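I am attaching a structure below and will ask some questions about it afterwards.
Per-chain residue numbering starts at 1, and chain names A, B, C, D and E are given in the order in which the chains are listed.
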Amino acid sequence: MEVPFDISYVFEYAVKLLPYIRISLLIVAGSLIVGLGVGFLAALPRLYRIPVLQSLSKLYASFFRGTPILIQLFLFYYGLPEVLKLQGIDLSRVPVLVFVIATYGLNVGAYISEGIRSAVTSVDRGQIEAAYAVGMNGLQAFRRIVLPQALAIAIPIFANVTIGTLKDTSLAFTLGVMELTSKARSLGLLAQHFMEAYIGLAIIYLMISLLLERAFQFIERRMLRHEQPISSSKQARSFKLWQKRRPAPDASLNKGGQ
Amino acid sequence: GTKKNEGGVQKIIVGATNQFPQVSFLDKDGKLTGYDIELVREIDKRLPNYEFEFKILDALPSMLLSLDTNKIDMIAHEIAKNPERDEKYLFNKVPYAYWKNMITVAKDNNDPIETLDDVKGKKFLTHASSSAEQVLKNYNKDHDNAIELVYASGDVFDIAEQISTGRVYASLQSDFVLPVIDPQGKLKTVGKPLSQSEILFLFRKNDSEGQTLADAIDKVLQEMKEDGTLSALSKQWLGQDFTTAD
Amino acid sequence: MIKLQNITKSFGRLQVLKGIDLVVEKGEVVAILGPSGSGKTTLLRCINYLEKPSDGEITIDDFTVNCKRPSKKDIHTLRGKTAMVFQQYNLFRHKTALENVMEGLVVVQKVEKEEARRRSIELLEKVGLGNKLNAYPSQLSGGQQQRVGIARALALNPEVILFDEPTSALDPELVGEVLAVIRNIAKEGITMIIVTHEMGFAHDVANHVVFMDEGIIVEEGKPNDIFVSPKEERTKQFLKRITPEGVYSI
Amino acid sequence: MKLDPSFIWTALVELLSAVPTTLNVTMVSILFGTLIGTIVALIRIYRVPVLNPIASAYVTVIRGTPMLTHLLLIYYGLPMLVNGLSDSFGWSFRAASIPMIGFAYLSFSITSGAYLSEVVRSGMLAVNRGQIEAAYAVGMTTPQALRRIVLPQAFAVSLPNLTNALIGALHGSTLVFSLTVVDINAKAQIVASTNWKFFDAYLAAAILYWGLTVLIEQLSGLLEKRINVYNRGGVA
Amino acid sequence: MIKLQNITKSFGRLQVLKGIDLVVEKGEVVAILGPSGSGKTTLLRCINYLEKPSDGEITIDDFTVNCKRPSKKDIHTLRGKTAMVFQQYNLFRHKTALENVMEGLVVVQKVEKEEARRRSIELLEKVGLGNKLNAYPSQLSGGQQQRVGIARALALNPEVILFDEPTSALDPELVGEVLAVIRNIAKEGITMIIVTHEMGFAHDVANHVVFMDEGIIVEEGKPNDIFVSPKEERTKQFLKRITPEGVYSI
């Protein structure tokens, strides 16, 4: 540890890390796609109160939100193939990345199902009544009135989940995936410049997180165009220090956050 | 779980890490290399029927679990043979190195230490599932848990730091690992080797393909010993010839 | 013509409507008055089937729904004949004023888009919002939002429009705008049922006034009869309370 | 590989001995995190000059990077700093006298602090502005108004988010093994090293974490009911 | 006695109060009228220093605050002499009715707890809520909440109580309750400044009526003068608009 800190390594390492962003983003994108599908399916039984399925969906969400992602990774990578082998399906040589994406996907799905559920319930009931009153049926009301508004409300949740998953990818190295963190570790090891390697790593993560956050804010603003009053004179009477804007309470410490 | 492709060449997945300098690590160009790795590559050259491919894992527990679950076919990670491991796993027969477990302490530590009896009540840094852990656990079993075990997860590569700053008192290391984990020479070994074990490759037990492979590898290793390739590799990566027993 | 027969509604053990009978002639404007909790809102919601009555029959023109076991189609047809203007406006927040009015035409009545737009613009102009076609609800004042709500109801060309306290969520100064629009519609001969606390307005616009309390109709009749010489003790009490100390004198 | 139910049970029992460490790390990081978070939230709500941009940067950086990097940076960086300072001032204090778990406390508190500042901030902003005005109107000073009126209500509003943060910290505590601290996750690996039944051990760990999480959720649910008495209407 | 001199307030470039001068004698009840946005609320909030005036002087009895550079202590003393009843009640939501009234006594005036409780119960009984001492705001109707708000203000024993549209968030039927309570307080000779839209009530209770528009006092005087024979054109217009079609005739 007596190797002195050398800032030039930080930049060197940061540059060397850049190509590995691809793997991390691949995991994030893959698990979001899986998670959106699974999350939506898991949300439906609870929105429509379908007996049995509703409890299963609750159990699913509870497990994936109730255990550390690190443990989930181990269980799925090593356990799932064994379970399926009994059914005669051999997954032992399926690439590790597939397992990683599947596990993160299921994890993301649990959070997304909760997000969708709360977003749908937060669309005010009067809107649905108005839809019925103009003669729409349940499906029309859901598709045309509830869903578009729920999606807009859910954007901050998706943003949190996405950024949370990005940070969680730092654990994929335990299964031997050569992503950002793994690469930083081996870089640091080589010249004993751990500090520099991890600062470089932090900078890269920060950059991606900020970019993702901006992107989501942009989408949210577009989707919530309809909530932006033109003339804000009357509402804008804000207590000097007590500004109206509420930060989205952040779930991403819970969403792994590691 | 291994599969033959058309040419009759069998593909073998070898578990390794990238966290073990000089043995299994990434060089400046990001290429996996080191003593164990280059050894497997040499074996690969000499065994036309097999094709070896590396799978990087983070630490021994993951490697063992991966071997159990057919995700890999063998482990090349300076695995020392001991009775406990022998019971559950298959080893090949020809060692490619010898591992002498030595008590390793800080350089300025002048306590008279010969055997584990001299370090009762001290803290030892060790890794779960390592052969050093086994030695210490065996000792503890007979001596009323006299040594306090501190487990590292393999995440933080700072054994030398922890011993030299006195966070832990000592650790069990092989003579040849020392320069690798302690490039700045903060540690020294003391006393006589507590045990000497053979370093071998690890395979699944009760697996006929694994047995065939182990036998084939033994044959090649024997050849390499005889033509000097093995000791050359050892000198190249580990600085000395560690491939013969005392 | 609308005919309600023995409309009954319970929430759990609480009986909120205890058998309401009411006949409204075509083109009539009915004002429903009554203390809070008397079941006015519930009655209105039952007519539109936003609340399922426990019992009774609803007839609009020659179409009758038996509330004991209505089919999905019955409900749909009934909703097609009625339109509702909500106290809290309930505009679709993600759609502009114009889209709000078009929505029912396009999605439910399958009117061609261009035609729907044309008719919607006409209606919005009628309620004085020709210059707010592309504003979102959040960009409109309460009075403007409620006028969009009225246009949305009118667009459906319903047999009857139901208003639930259409002005009580508005600032006193905006009330006038909305009442003026309703007054105009009344002149066109559209059947309307209006729950309101605006006595002056009820007196002015309604042909028929209904006073409810505790789930029954206590008294009904011409506005002048009800306001000036109510027969029932409860009606008298109520009118006294709501027009305290002669502030409202008619 | 076969599951060995009796070993899962044995593992579960052995893992119990690591529960106090896990809870300890979790609670310390949440307590200090709440303290840091409240201070940071106040700085940001009141836009305290100079400190405000620093607080914002802290929150952004921590929330934008994985918890593991915080831990590693603290572990490698703090000794450099401490020893450097000691050398230049001639102190005898060495980083080696900081216990390993101290790094975990520090690093996790810093992490939780950033997340909790957002929780506290949104909780405080969710309290109706009229409440603090009413407090001023009865003559309270700002600290009185915050302590007696705003914070109690903010706490009630934030309880679900606080619970999430607590669960996040519980799950995040699996990282302490990197520092040779033996928590549930570490214990699982150690327990398995006698017979290499890692999967069974991890399963036991998963059950334990799940149980703890559900317990936290239940407790917080109860607490929420109690605290929110005042939000339940209708008695009148 | 309250004396406002040249109270001025701007939000950014918008000047909301353009130099207000007003004198209120001890025990007087002043009603402030005026169209939306005229600055009534802002004026009230300035007197209580919830809004910092840009300029001017506030005098209550012999205590004067120069609004250009008040000290923290000045603000505190000023707030100690005034009490406010809010349009949206703003009761402390996590405290019961009794605790709401006690809070200021205990925390600010350091009254002993038992004594504070005794006085608070007395006040709540006075506003007719003796049976709701332990109810939380969410369990009270709007009218009941507003009465707690009034009791909370009274408890502080202020020189002056400021009311900002105390009934406009209430259902018409609950308005009466609150107005009755205020009417009673007025009889006790407490100085009050009331912003209200209830003309009848203003006429009834106020000794003095102030009409504001666009940040200035347009006209002030005895209620009968202002309501029956306003001098200014703007006052006439306003009174006509707010009492449409003779619904309110006084």
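One rule holds in what follows: a residue touches a chain if its C-beta (ideal position, glycine included) is under 8 Å from a C-beta of that chain, and two chains touch if they have at least 3 such contacts.
Please read these numbers as outputs of a predicted model, since none were measured by experiment.
Colleague: Trace the shortest sequence of touching chains from chain B to chain E and report its length in steps.
Modeller: 2
Colleague: What's the overlap between the neighbours of chain B and those of chain D?
Modeller: Shared contacts of chain B and chain D: A.
Colleague: By CA centroid distance, what chain is farthest from chain E?
Modeller: When every chain centre is compared against chain E, the largest gap points to B.
Colleague: Tell me which of A-B and A-C has more C-beta pairs in contact.
Modeller: Of A-B and A-C, it is A-C that has more C-beta pairs in contact.
Colleague: Taking CA centroids for every chain, report which one is farthest away from chain D.
Modeller: Between chain D and the rest, the longest centre separation is with C.
Colleague: How many angstrom between the C-alpha centroids of chain E and chain A?
Modeller: Here the centre of chain E sits 50 Å away from the centre of chain A.
Colleague: How many angstrom lie between the CA centroids of chain D and chain E, rounded to a whole number?
Modeller: Measuring from centre to centre gives 46 Å for this pair.
Colleague: Just give me the whole-number Å value for how far the CA centre of chain A lies from that of chain D.
Modeller: Computed from C-alpha means, the inter-chain centre distance equals 20 Å.
Colleague: Got the chain C residues that touch at least 2 other chains?
Modeller: Where chain C is concerned, no single residue meets two or more other chains.
Colleague: Taking each residue of chain B in turn, which ones touch at least two of the other chains?
Modeller: 65, 68-69
Colleague: Give the residues of chain D that touch two or more other chains, as numbers and ranges in rising order.
Modeller: 1, 72, 133, 198-199
Colleague: Note which residues of chain C are touching chain E in the complex, please.
Modeller: 35-36, 168, 171-173, 176, 197, 199-200, 204, 241-242, 244-250
Colleague: With touch defined as at the start, can you tell me which chain B residues reach chain D in the complex?
Modeller: 61, 64-65, 68-69, 88, 125, 128-129, 133, 137, 150-153, 155-156, 162, 165-167
Colleague: Within the complex, which stretch of chain D touches chain A?
Modeller: Spelled out, the residues of chain D in touch with chain A are 1, 45-47, 60-61, 63-69, 72-73, 76-77, 79-80, 111-112, 115, 118-119, 121-123, 125-126, 129, 132-133, 158, 161, 164-165, 167-172, 174-175, 185, 198-199, 202-203, 205-206, 209-210, 213-214.
Colleague: State the interface residues of chain B toward chain A in the complex, per the touch definition above.
Modeller: 1, 3, 13, 18-19, 21, 25-28, 30, 55-58, 62, 65-66, 68-71, 157-158, 161, 183-184
Colleague: Enumerate the contact residues on chain D facing chain B in the complex.
Modeller: 1, 72, 75, 94-96, 100, 177-180, 182, 186, 189-190, 192-196, 198-199
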